[in-house]
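Letters A, B, C and D name the chains as they come in the text, with residue numbers starting at 1 for each one.
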Amino acid sequence: MLNFSSDYTNGAHPEVLRRLIETNDEVLTTYGSDIYTESAKAKIRTSCGCPDADIYFLAGGTQTNLTVISGMLGLCGAVVAADTGHIALHEAGAIEYTGHKVLTVPHRGGKITAEALTACLRGFYADENHTHMPYPGMVYISHPTEYGTLYSRDELKALHAICRAHEIPLYVDGARLGYGLASHGSDLSLAELAANCDAFYIGGTKVGALCGEAVVFPRGNAPRHFFTMIKQHGALLAKGRLIGVQFDALFTDDLYLRISCHAIDCAETLKAILREKGYRFFMETPTNQQFVVLENAQMAKLGEQVAFSYWEPFDETHTVVRFATSWSTTEADLEALRALL
Amino acid sequence: MLNFSSDYTNGAHPEVLRRLIETNDEVLTTYGSDIYTESAKAKIRTSCGCPDADIYFLAGGTQTNLTVISGMLGLCGAVVAADTGHIALHEAGAIEYTGHKVLTVPHRGGKITAEALTACLRGFYADENHTHMPYPGMVYISHPTEYGTLYSRDELKALHAICRAHEIPLYVDGARLGYGLASHGSDLSLAELAANCDAFYIGGTKVGALCGEAVVFPRGNAPRHFFTMIKQHGALLAKGRLIGVQFDALFTDDLYLRISCHAIDCAETLKAILREKGYRFFMETPTNQQFVVLENAQMAKLGEQVAFSYWEPFDETHTVVRFATSWSTTEADLEALRALL
Amino acid sequence: MLNFSSDYTNGAHPEVLRRLIETNDEVLTTYGSDIYTESAKAKIRTSCGCPDADIYFLAGGTQTNLTVISGMLGLCGAVVAADTGHIALHEAGAIEYTGHKVLTVPHRGGKITAEALTACLRGFYADENHTHMPYPGMVYISHPTEYGTLYSRDELKALHAICRAHEIPLYVDGARLGYGLASHGSDLSLAELAANCDAFYIGGTKVGALCGEAVVFPRGNAPRHFFTMIKQHGALLAKGRLIGVQFDALFTDDLYLRISCHAIDCAETLKAILREKGYRFFMETPTNQQFVVLENAQMAKLGEQVAFSYWEPFDETHTVVRFATSWSTTEADLEALRALL
Amino acid sequence: MLNFSSDYTNGAHPEVLRRLIETNDEVLTTYGSDIYTESAKAKIRTSCGCPDADIYFLAGGTQTNLTVISGMLGLCGAVVAADTGHIALHEAGAIEYTGHKVLTVPHRGGKITAEALTACLRGFYADENHTHMPYPGMVYISHPTEYGTLYSRDELKALHAICRAHEIPLYVDGARLGYGLASHGSDLSLAELAANCDAFYIGGTKVGALCGEAVVFPRGNAPRHFFTMIKQHGALLAKGRLIGVQFDALFTDDLYLRISCHAIDCAETLKAILREKGYRFFMETPTNQQFVVLENAQMAKLGEQVAFSYWEPFDETHTVVRFATSWSTTEADLEALRALL
């Protein structure tokens, strides 16, 4: 069966796997104090143009989100997110479990606009009773968003300026960051991203690693005791090498970006195929996820030969589905899909 | 200055105060084990027609909501509320602090409709990824609602039936329950309320007490260890008598209902005055809160002579304000208001 | 039955009750913004010699402890307490519910010694793995302690110096503070207490109020957003006047100290009676709680005529019980006890 | 440098690594729904003699402990542990962060005795005020313990009987379970362990895996919504295959037990060497961790050539250190150590 269901159905990128194999028999120190973790951090600092960055490696996205958000928020703050944000919908209430409300604002194409953010913050402070309400203590965006869309450099700068004016941090969920950076539609480099937010993570799980996300506090601004918080959330791996070695590989010779570019090239071909075959786009995106509207019977039939993801109902008789490419997508996959559609 | 700002600007109803004075010098046992607390419970059980009810007294509304909701919800459940619900907006994230998401559904006149609740629950279970989402583990409604509106008996039964079908409890926030029961627009008795939900509280703070709310689990269905949970939330008063004596007074000779009826009579007069003076209703309600739209300059001027509550902006030049009556409103207050408007 | 069971079996001190009655019909603003609450704060600031103190009123001791401790601790910190501390034993895990460990050190007479505190802090920082452990983020003591004992001025200064050296706050639980200040064995004034800790509360519930504790941050050092945290914990009373009026009365004409002195005088007489009747002291204390060891049959017999508190088992055949005096103890009570023993 | 510092300084066992490599390019379903995860569960059910067991894979020990404990405990319960228990000391307050107190009882050789557990539970229920205290809602033991000691079958049965009598679950932390099962001093099989507790985990991280622990609820008794709780705690890996494949390898052809036996053989040799060289044992254990007392200067000197773990101070001039063997210890390592000492 052809597979376009998601970007985490394969194991590790061969180069990443090779480094895990090569280092397997080495005796290394634990809990992320090993030389490969240190090396990975140094390389990421260079790639981000942030020599003072604090960097931590965690195993997965929800874990990263809940640890960073609860660590950065004040005790009674809420995190502002788009109503389509991953933390608002699909993380099983993980943020709330740490004691914090997710305050949602209406999305536009999966993004928070400067207008919507300003309205949310102004509305809060204008309310006479705002001390009876959870105050907006930080802002969460995902880049690419859950809909595969991207913030432009200007959009990001505008959001960051609003955050700075309110003295609250801006945090960027980069579960698929590579695919965003590699997109033809992106005008944002990794260094520019780092300069225009207060924390972000570089997703590994969906971009070539077996597991792992790299949290970056660009200006050495990790919350106090952040290491202990990671442990407290059960997010500290005894064999920290597992993630350190993988990110060391991903940030050697631009592997992270190279494999992301491949996925984007595949996505461009995918879009062309879908367009040429007359498929109706729900959202045509500049990254590795494409959303099309299928008639329900057609969806069932197609589903017998190609794996895609159910997204959401469109109307009584149609459904939105997602096709995703990744570093592991091949030209053969695309040709087979073209033949099939 | 005339006062229609809220229903908790005065001390205790004279009868409630009298009982506090009369019992003040008695030596009583502590933490709610005293004879007046027991007597109050017995009287409430009778009023509710629930001989097996578990009853607990807490000091305030938010405290009651967070203790009951966290006690009744499963570990990873969310509570469904109207997007205008008090727990969703004005309790400083107290529910989230206990680890639970508030899942909002669009309100109609402050209420949750059976359709909206069904859509929320169906949508959840229909989603393939619902195990990645906080499951709707109970339903919260307020009666009267934050907009002063009321559920009819049939509406309540419909919601309860949906809850039972999903095996989740229905909880009713009765911060102003007296004013709901006394309303001419209500077809619901206290016993019918008790029969058609799984927990509710009878608000004292806004209906004649200095503080205090009576939580009722109508069929002896309090969560296990609920007393310890109350202590754990810092909600257990050493001198439990303070609330016990007040509720004992409120449920003697129908005081709770009698003073609520007085507030409703005043509210009916208030509505007539507002109507007769040509005020524009934002929402004309059957209970003790009335919402009118004022032009902003008019609002400022009126505010010099009468206290009302800012509610929300209406448009650029108008604001919604609230006038509230209570057990302490007098005919003289109303006549003075009539003269003033 | 004679009553020496605890210091919260009676209602309010008559003077406190009188002020509640006198102000009952006044229309006051809500949530602690009323004039009596403001007046009470001003008087407490004067009494403490702390013109810049932040002051908040909460309803009870556990509520105060959990709100202050979770508010002052960092996100992953633990609070150090004596192993006999109220928060360690008798608050139903309320501190842990807010996410924080209670780190206990062995008590001496209910107190934390400078040596024990130093050992705890040194031990933590000396441990190579201390980032894997909850760090000691603040210190909790009670004054008087759970055993009725008192810190001397020097002892308090020593603990505070250790805390300052480690840059962690010292918090004093003053549930029975009045009885400590009034004790003949105390060399500590309210102002000296305020100068030698970072937060404390002045207990009202056990010293003449129906309910209420006054939290003092002596140097305007309340945690940011503390008001919202109070709301979030369900600890904000709509009718803040209830506690404001009571503390305004307690801090008018030194009432708080005067009634505490009365309780201490009674306690001295009680000690004399117990001594004269040959009772064996488990702990003879300088405050209003006295602990004696009773043979179990004797305890049962005595318990028929006088109410005291079970404390803890002493050995197979003896039990430790507590006799407490309070502002409401009378000379007649003491004479009756003398006659009885 | 010789390495006896811990059992997680190496990568994966070669056989485990081989299976990761072999399956790397396969397209597999996500979040633990893949065929290898299913296969691993089936093999573990067989090994445990528990055809109905619920099995979940998590990434690490603290994560597993906090997820299982918060999932199994009631809302206001505490978990009973030895005062040397990992959750009591070295998990950064992770259990408390989920809202639960760790109630400690004095250990004997790292173990909880039936007497100590009975005393703890009896003491709780005998206390008149026990509803003001966190109730002991489950029991946590580690096997092997933090000191490398083991429960006998009879000891485990005795603890389980006490738990059953109090209707609270017994949970076993098996971070090093393999080394316990393989010990010459053990009279407990995996099936017997499963039959005599209510939940346990089979540690992978320290026994041949890169990461991963298998939680077993032997009689299909996983808490309701446990999968969602795992997600909520950030403990759900998108590529569940990472742990599934590893455990599938570990439970093929008894690999888990075989490599554990090797570590135990090495530990026996290690003990013989230490004994023969006249080292003073702090605790001579039947498993893979050995604790010896070194004079501090000797410790510093030895530390230049062999890596061991600092454990705890012994006295002013001596320190307890730990030597650990593992599946990766070689005969050459042992011979080199023998030559060195």
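We adopt the following convention: a contact is a pair of C-beta atoms (placed from the backbone, for glycine too) under 8 Å apart; a residue touches a chain by one contact, two chains touch by 3 or more.
Source: prediction; values computed, not measured.
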Reference subunit A; chain at largest CA-centroid distance: C
Between A-D and C-D, the pair joined by more C-beta contacts: A-D
Subunit B and subunit D, separation of their C-alpha mean positions in angstrom: 49
Distance between the centres, which are taken as Cα means, of subunit D and subunit C, whole angstrom: 42
Between subunit A and subunit D, centroid-to-centroid distance (C-alpha), Å: 33
Per-residue overlap in subunit B, given as positions that touch at least 2 other chains: 76, 91-93, 97, 99, 131-134, 228-229, 231-232, 236
In the complex with subunit D, residue positions of subunit A that touch it: 3, 6, 8-12, 14, 17, 20-21, 23-30, 59-67, 91-94, 97, 205-206, 210-211, 228-229, 231-239, 241-242, 307
Of all residues in subunit B, those that touch subunit D in their complex: 31, 70-71, 74-77, 99, 131-135, 223-225, 227-229, 231-232, 236
Interface residues, subunit A side, partner subunit B - complex: 76, 78, 89-93, 96-102, 128-129, 131-134, 310
